[in-house]
């Protein structure tokens, strides 16, 4: 009797403790999220000094975004272009990032190799993560400028003046963005993968060894499959982060040069919120980015995870 | 150790929040009264006539660079009442950032606190149309315009006939010619002779070929060439239905540009492009640049200031094949200002204070403002201004001892005064979006000649690039072109 | 920290294999180290050289222009003020984030209430939503309530930080036994007091780690502040860098490379120094959270 009484009264504390979080979330995230979706159905923009709208236009903004001949697209589907740019730069960075990180994780956790000075190395590879993307981009801007150190070194090696304009070349600029992303995140990924490897039950390795498996087989047949949950987590968070790419290309290329080839979805979106204000179109764009994020995440999840294991639900 | 770090962070946050967060006086970081800098803070003045008792004590002026602030600081501050501080609020001009921020400030201006209010804002010729027709600018009173070039007044007069702004500056524009290269290409390095050799477009285009044969460019930037034609525009870029159609002058430029770029007579870049700037220097290969006084005093600073690597003394100014004007900075009064009397005084002085105008036209000893945060430095700068007051301009034109330093004795005022007399501001040729047209359109067009990764864009892609820009500032604009 | 234990009998050939692998591993590690550190090394060196020197040639040796570059970059304190602003926002945000995430995680872990499962799942779901998607509505809200150019919209939302919450929840599950809480109740402590005086100290390691992450992420945040801050003296560091970048692009600012490097260095170095001081906690902390996962 006494216990039941206590249980009930404690339950209310649960609500109290989670209230700040939910209150703040509702006000500053949920309501804005809903109003973003709401505005996507309206014409609501600034023209010169005047505000036009909000005027209900149903799916008008979405039509504009998908109509290849609308004044928004002018002959080429912008949403496709910018998604493509974003994905290209993400993949260019994420693939080496993943490979490096996996390699490093294996090296660090291998008992056989017994690498010394691990703490030093881990500290070093994690450091770029803390450096502001904006600063990193600015630094690379200076390093790779026409008369920057990189060109100077190449000049002194080849003996001829080498003044390649990296930021004027689509491929070079995108690679630079990818490189910065890679440097910023590979430390984080390494440590996550390491934790994943260490979480694998050691008896499995011993069993494999007893069965006569060599290290390659152990790696591919034991380590990788058991790392799947973590790898999926890494892949999806990396993808979501990649889709949000903004700081690095914005600062490095000052908005997407050359000719918009480094312009990402979010740079495009930002142009309609921070620059000229068009809440209607920006709202529709946000909704689309939301769906693109969801769909791509689902694809990655399905591809990497054939047997749908749902660890999260178990914990609830 | 961990606890100490956490405690330190909390302490720091508390201290900073008490010190910084509640500061609502809104003193802009780029204020002229930044304290720790050596040198005159340039805010107050010694003028005995105090300000009107019920007016604000802070005069805030919105601008996109500090050029006007520098003239103000050095030559005008003694006319500002001693109890008023002047603050310059700056946003960069590129990508429309200045206009975006200015719009917001002006729309909130009536409700803003006294110290936050914008009192005066600057506008360029490219967008004065937008601000003068709007009610965010106030009609000025008591302004004597009898000595001012008419176009300067017309540009700032709205469709009801109210004068909304003034400018101390007129911008008659021409060609800045490299004398040593002119000698080779045209056979003379005397300004009159050069003018004769380039007095119409046929001669100009022929000279371009000669220049190329001798290994020189005719003109620095192909987009700037547009400005010569822009001044003669009689129709607006947008018709009354908000439909975009290129004006006839555009085609004139385009034909010439295609020819020039195909033959390599110019560079597919804008004013600030690296190559364009490099060609002004000692080893530069460019015969001429287009521009008014502010262009060579400001954009060409590197060429004239660079000692060994520069080319000072090797230039002269001529009218060229077509007289025109380019740009200009107007001051407009902001609605909601709490300093109306002072604003009108300043406006009137900008047009008529001969002391100020003569000093600004002379342009020596200007205290440079820092590029990082606009604070006044100890560096000196030379930046003369061509006055909008005809009386002052004519006096300068007649004085043979006057002239831009880098022109080795030539009196550039004389030529420009003549051009200024003939400038008209076409009443119906301007829209609120002219910056997008006069700059954005041409930046897009040159993409068909600008090589990126070994490729250039097609003409259609250039138009698409421009339409995207247009759509951002004017979402309902249509184009059937 | 444990490493995977493969007990194989070592034959000579496998020992050679192992050693070769070790050599390659060390080479690889050194390569990665250089990759990570070299840009920063160059940054420091180049911030001591003048623009003329930088344009003329590459050098691995520092020069003597640190002072003059420093003065130029400091301008009249614009950068310093931005750093102060960033510090304020980051400190406040991270403290709020960590404290309230701990509180929320504690609430969901310790108490049994009807919406418990829903609450948890809800937070997991919103963790996946990029913040930029609600930017339109967020900006609208901020301007409507005239909160632009204030720091409230940047600090208050950090109270609801799903990722930090998740980490805390994991840690609390393993580090905070219910017996302790029940004992406190028996002793007459009310729930808030229990949380603040007993639970928090026990999960302090996790909080410290998340504090550092939250601080850094707020310090580095560019997108959100850029949308709502326009007054020059309220700018944060990333905004200053962005302004500088567009000024260089439009030719407004002279492209003085020494000055550029110095600005970047001033923006980065404080964080790097703090990092080096607390690095062992960070590296340990990331693993901690992941292992529990």
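Some observations on this one:
For reference, chains read A, B and C in written order, and residue numbers begin at 1 within each chain.
Just so it is clear, contacts are C-beta pairs under 8 Å (C-beta built on N, C-alpha and C of every residue); 3 or more make two chains touch, one makes a residue touch a chain.
Remember, it's a predicted structure, so these values are computed and weren't measured experimentally.
The touch graph of these protein chains is complete, with an edge between every pair of chains. Comparing chain pairs A-B and A-C by the number of C-beta pairs in contact, the larger count belongs to A-C.
Inter-chain spacing, taken between the CA centroids of chain A and chain B, is 41 Å. Inter-chain spacing, taken between the CA centroids of chain A and chain C, is 15 Å. Within chain C, residues 244, 246, 249 each touch two or more of the remaining chains.
Among the residues of chain B, those in touch with two or more other chains are 95, 97.
Within the complex, the chain C residues that touch chain A are 1-8, 18, 21-22, 25-26, 28-29, 32-33, 35-37, 39-40, 42-43, 46, 54-55, 57-58, 100-101, 103-104, 106-108, 110-117, 119-121, 123-124, 126, 128-141, 153, 156-157, 159-160, 165, 191, 195, 216, 219-220, 222-223, 226-227, 237-238, 241-242, 244-246, 249, 255, 257, 260-261, 263-264, 267-268, 271-272, 275-276, 279-280, 282-283, 286-287, 290-291, 293. Taken in their complex, chain A has these residues touching chain C: 7, 10-18, 20-22, 24-25, 28-29, 31-36, 38-39, 100, 103-104, 107, 109-115, 119, 121-143, 145, 147-149, 152-153, 156, 183, 187-188, 191-192, 194-200, 202, 205-206, 209, 218, 230, 233, 236, 240, 243-244, 246-247, 250-251, 254, 266, 269-270, 273-274, 279, 282-283, 286-287, 289-290, 293, 297, 312, 316.
The touching residues of chain B, when paired with chain A in their complex, are 95-97, 100, 103, 106-107, 130-131, 134, 136, 274, 432-433, 447, 452-453, 457, 460, 463-465, 467-468, 470-479. In the complex of the two chains, the chain A residues touching chain B come out as 45-49, 52, 71-72, 74-76, 78, 146, 168-171, 255, 258-260, 271-272, 275-276, 278, 281.
Those residues of chain C that touch chain B in the shared complex are 72-79, 81, 84-85, 87-88, 91-92, 94-95, 151, 204-205, 208, 211, 215, 230-233, 235, 243-244, 246-247, 249-254, 277-278, 281.
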